[in-house]
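One structure is given below, represented as structure tokens, and several questions about it will come after.
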Amino acid sequence: MELVKLTIDKKSVEVEKGTSILNAARKVGIEIPTLCYFNLEGMNIENKPGGCRICVVEVQGRRNLAPACATEVTEGMVVKTNSTRVLNARRTVMELILSDHPFDCLVCPKSGNCELQSLAHRLGIRDIPYQGEQSTYRKDTSPSIIRDVDKCILCRRCEMMCNDIQTVGALSAINRGFMAVVAPAFEMNLEKSPCTYCGQCVAVCPTGALTEVDNTRQVISALADPTKTVIVQTAPAVRAALGEEFGLEPGSLVTGKMVSALRELGFDYVFDTDFAADLTIMEEGSELLDRLTRYLSGDRNVRLPILTSCCPAWVNFFEHNFPELKDVPSTARSPQQMFGSIAKTYFAKKLGIDRNNLVVVSIMPCLAKKYECQRSEFLTDGNPDVDFSLSTRELANFIKLANIDFNSLPESDFDRPLGESTGAAVIFGTTGGVIEAAVRTAYELYTKKPLPRVDFEELRGLEGVRAATVNFDGLELRIGIAHGLGNARQLLEEVRDGKSQYHAIEIMACPGGCIGGGGQPLHHGDASILKARQKALYEEDRNKALRKSHENPYIIQLYEEFLGQPLSEMSHHLLHTQYFDKSTQIVIE
Amino acid sequence: MAKYRMHLLVCGGTTCRSSESESIRNALEESLERNGLENEVKVVSTGCFGFCDKGPIVKVIPGNTFYIHVKPEDAEEIVKEHVLNGRRVERLLYLEPEKELLATGSKEIGFQKKQIRIALRNCGFIDPENIDEYIARDGYVALCRCLTEYTPQQVIEMIKKSGLRGRGGGGFPTGLKWEITAKVKSDQKYVICNADEGDPGAFMDRSILEGDPHSVIEAMAINGYCTGASKGLVYIRAEYPMAIKRLRIAINQAKEYGLLGKNIFNSGFDFDIELRYGAGAFVCGEETALIHSMEGKRGEPTFKPPFPSEHGFLGKPSNVNNVETYANIPVIINKGPEWFASIGTEKSKGTKVFALAGKINNVGLIEVPMGTTLRDVIFKIGGGIRGGKGFKAVQTGGPSGGCLTTRHLDTPIDYDNLLAAGSMMGSGGMIVMDEDDCMVSIAKFYLGFTVDESCGKCSPCRIGNKRLYEILDKITKGEGTTEDLAKLKNLSEVIKDTSLCGLGQTSPNPVLSTLDNFWDEYVEHVIDKKCRASSCKGLMKYVIDPEACTGCTACARACPVNAISGERKGPHTINQEICIKCGTCMEKCKFNAVLLQ
Amino acid sequence: MSQIKSFEDLRKIKEDFGKRIQFREKSFDPSKVVQIKVGFGTSGIASGAKEVMTFLRDELEKRNIEAVVTQTGDMGYSYAEPTIEVKLPGQEPIVFGKVNVRKADEIIERYIKNGELIDGIIPVNYHTI
Amino acid sequence: MAVIKLPESKVQQLKNICKSFNNDKGELINVLHKAQEIFGYLPAEVQEVVAKELNVSVAHVYGIVSFYSFFSMVPKGKFSISICLGTACYVRGAEKVLDEFRKQLNIQVGESTPDGRFSLSCLRCVGACGLAPVVMIGEKVYGRVAPEDVKGIINEYANL
């Protein structure tokens, strides 16, 4: 390793060759402000266009200022990060950026959590001397995401996420010069683009240009409606992240407080999507075994590998990009939708109320779920199985809105029957979790033997594409895992080309899985937050008394009372779905 | 028809004409007639000799005798002495100041050596669509010698020794660039020719490609040999259909002769050239933006380093030079680096092609040795200012350059001097302005260009230039304040200091240089609300001359904002508070009573 | 067309060049041939070089003057486009500016046929290498 | 699901263009040049087909089309009038010529006349600075144009 010695603000520092000035400065405690720069360290997600010019510093012997994020250190370099020249340039650049940004901070959804706002505060901007025309564009609202690109500062993070990481290609920089902005083709609505609503653009946007559709008001109205019974389900990844919004350490598990908060907000029943996750494993695991046994018995019409289908953004992705493979993924609905359909049938019947008077709200780390619950195949006579989906961030804001002191809430438990879950369901929130949960159940169903060990370390981790082999009592089950749609695309292309060596593949659209979902508290590029959330989920799994889905007593009861067997006709009707070709069609006139 | 034994050429250039060349011609003709020579000797008027401060000029053929400062009353003496007696009129002969020697013919006149054509050596000389003509002028000899006599390193040494610097604007030493690309190890490298000449007012590269495409092809092949690249790419503006056509023909001819393709000159060296088209983006002249454009992406620049020499087209090492740079290469090989280095100044060797345009008589393409003064270029070669108006400024370097003024006229042109004067070489556009040009408007014009052409990637260029333009616009409308002048200065400096690429780093130059050189004009606009060039509409007012007004009411009826009042048959007046300066009244008035002040 | 593989091949083309032109343009004697080059760059064409070239080719043939009319690039005199260079056998080439069909006719009749200089000559103001 | 409607022959033509560039996404700009030659402009449908053939996102294609001023998404008039606003033309009064065209045709830059005959655009330097100010109609170049000439130039096309 070659070391380079340099001086930054009179402090000498020695760093590895290839280090940026920005990182070298951090090493000696100098935090150079940045704006467009974004780095999820260790996850291969970096945005370094060098475009905002906020991080400029003075390098001795250089004619102009250098961007600290993109400039590599050299031996003997002398850097000043706070000279008058630098400070004036940085202030002027910031004033310029603000001069082309709406002045509606007070009512902006991002206010208080906006990187641009914090930076303006940090740089002590008190007025905007260079006022002039502002670039304005049409506002666009989709089921999940609102684009208000008047607020776009062209950091290009969303473009990087949408193209380089997710390979979705819904967004691109368009136009030139002053009117340059990031938008879908022809500035059309996201709804008409191949957007999967994964929400990764929203997760990285430093301003209010990309935000989620806020459904809180509709939920408040439903809660206030005396004719409605309102129940809520919470996704596994929410409990590992919600605390961050209340100042708790990343990775704090707040399951009990969250349940209390939801009760205080007035939900009639507080349930757990984890219950539906266990149900998903029953169906998806059975489907896997079914296909596998048919395949092993020589049926070559069976399509393998089987692909998980819990992630709605992923479903959107293959519907848009790989329609020819639409019969490959499991037909099992996502846990959110399984929950909704069971709630509006089984549970509504139990309560003796009409499904139209039962409102199902989900709390999700995800923005694609907002779209998913509106899909027409999940409506019965116009009534959706899940009425509203709120993100983790919306829930946090809702709790604050209701004057609830979250941190001093007591811990309490979910309601029954749809609140009981196993450890297998909890890890649905992280990459590798769904397949691990499926393996735990499939193993015991296939081998009819108890698992020698519950923890499948070989399936865990954060690498984008992972492979593992699990021994099913002599049968070597080959498993592939991908998170991030770009990684998923690699595995999918193998499947398409008939080169896939796997029996089963788990795919989650967001880097890290749901812990890094588009609806989670903003990590602002701090990868350690994702790791902490992941750790918390595995910890919750370990602490659970039951860790295999098929052991969930309420799941057993559900099958006994209502569904019969996994893959039964009733199951197919309520818990499975079909996929559609959403690719662009060229119709010849 | 008579056969003439002698011709007297009288300069008919604008400057000479204004200094009586017409009457000289008449006087000569009368004198010939008086002496009965009208059927033996003919007077012909010609285009400008580019020798205007010595005008009017008369040249006698045969003999090429060159007379300067000729007056009508000298006609008789020229006819009698020179035509009749064959004796030159010594007192009118051109005396070269530095040598104090009598010139015997116009060929030896110092001025005429001011232009040396190296890059343009074949332009206007050969048929560009015929490779044989190029070969007849020693074409492809340089390539042949490089491939058969020299090692790549030896060729690079020659280029380094010649002192050639990039003609695209930056002035980076060409040999060094080649050497860097040559040293990087890679399975594939590329030679790229930047023919995306986007500077408004510049057409040097287009002329070379249209007039001498083979010189560029030959040089690219030489570069490929030196750097170890087997593939060349020309990135050319789609707006240059003729250049594209000629280049295509030339490439095909070279392929037929085996001068491109496999095993060129049996040396084992393979080289091929492909074309890629620009699509109307000035920023693609910046090499990283150009490379992205060639890859089918938006032409957005990226931060350097890494330089294209290391990480270029498709991530492979790529040597990017512009057309004019390449056009010099074969000559350096053929005539030797020492010869090339003997031309020019200490740090800028060789010649530079300029596209002279604007308010100048001899608009055109010129090629002068580095170190020639602006005065020589404008007044000698360019033939001075059109219409006998006063010289005000010359803009070099296009939108990246600055406006230089009378006090820079004697500056020898080279990379470093122009930079020091607040402008730059750029690719070689040279626009001359006269007293009718408002310098604030000129700065605004360039900023308008930059705003249109900024790629938008970095904030200072995207937003800063827009704001600069808006402030300038405000000033030209008469709404500027002294605070705006301070803002212009700070903004310009910050944009220069913080922009991502060369476009933004130089875009404020037209503002800074006009602020420096024409500060008074800015102050007049802002404080006195006056535009001395009478070009800023916002600072002008329409008034009605009460003497000329007949009270026909045509103007009042036509005024869209009812700013004009007055009795029928009586003089009208314009209310300046209401007037929007649309000019309709002036158009409608049949009596020329509406004036613009 | 045969391939060029050596310096000799290049030199041969260079030497043959005069002959090649003759071969192409019938069998003219170079010492008697009038050589005309038309500045055929974008500016030249825009100002009418094409018409001038066609006129010259047609008329010279009609008027039985042995001449070779070729195109060339921009001569640099944008202010005087279209420009043509006429080289009479054994004489220095002369450049005429602002040539239109009428002017071209005058050039044929007076300069080419009679050696008489006419108005509109552009003095060559550079040295080429 | 986006549905693109185009006549079969056009789709085939586009596919052939893409194929002639080996469906290489690096050749996107060259492909778009060719496509614009055929269609006169680049409507959304054409961009969708090109995107599909070259296996890039249509957003990317639009990102390119909207970046380069040579590409247009609106059909041009039968006679496309371009006024050069390069520096040389600017200092020699191109703006006044442009104003006159605007006035005579009663359209703004980037627009076409209602009858679709004329469209007006600006260019940056065609490199014919010696003829400044320069106006191009189709391939034809008009040099040293004065505002007074504008009417006559338009009239040349009146009966074509």
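All chains are identified by letter, namely A, B, C and D, in their written order; residue positions are counted from 1 within each chain.
By definition in this document, contacts are C-beta pairs under 8 Å (C-beta built on N, C-alpha and C of every residue); 3 or more make two chains touch, one makes a residue touch a chain.
Source: prediction; values computed, not measured.
Undergrad: Going by the touch criterion stated earlier, list every chain that contacts subunit A and also contacts subunit C.
TA: B, D
Undergrad: Which chain has its Cα centroid closest to the overall Cα centroid?
TA: D
Undergrad: So how far apart, in whole Å, are subunit B and subunit D when each is placed at the average of its C-alpha atoms?
TA: Those two chain centres are 27 Å apart.
Undergrad: Centroid from C-alpha atoms only, then distance subunit A to subunit B, rounded to Å. What do you get?
TA: Distance between chain centres: 56 Å.
Undergrad: Averaging over Cα atoms per chain, report the distance between subunit A and subunit D in Å.
TA: Spacing between the chain centres: roughly 43 Å.
Undergrad: With centres defined as the mean C-alpha position, give me the subunit C-subunit D separation in Å.
TA: 36
Undergrad: Send over the residues of subunit C in touch with two or more other chains.
TA: 42-43, 45, 77-79 - these are the residues of subunit C that touch more than one other chain.
Undergrad: Listing for subunit D: what residues touch at least two other chains?
TA: 63, 67, 69, 126-130
Undergrad: Can you pull out the residues of subunit B that are in contact with at least two other chains?
TA: 203, 206-207, 240, 281, 298, 357, 363-364, 452-453, 455, in rising order.
Undergrad: How do the chains pair up in terms of touching? List each pair.
TA: The set of touching chain pairs is A-B, A-D, B-C, B-D, C-D.
Undergrad: Taking the complex as given, what residues does subunit A use to touch subunit B?
TA: Those residues of subunit A that touch subunit B are 49-53, 56, 64-65, 67, 70-72, 85, 88-89, 92-93, 96-97, 99-100, 129-130, 132-133, 153-154, 173, 175-180.
Undergrad: Under the stated contact criterion, what part of subunit C meets subunit D in this complex?
TA: Going by the criterion above, the answer is residues 42-43, 45-47, 77-79, 81.
Undergrad: Where on subunit B is subunit C touching in the complex?
TA: 1-4, 7, 9, 11-12, 42, 44-50, 59, 61, 106, 111-113, 115-118, 120-130, 132-133, 135-136, 138-141, 144-145, 148, 203, 206-208, 210-212, 240, 242-243, 256-259, 265-266, 331, 335, 357, 361-367, 381
Undergrad: Along subunit D, where are the residues that touch subunit C in the complex?
TA: 126-131, 134, 141-143
Undergrad: Can you list the residues on subunit D that touch subunit B in the complex?
TA: Residue list for subunit D touching subunit B: 24-30, 32-33, 63-64, 67-71, 85-92, 123-130, 132, 139.
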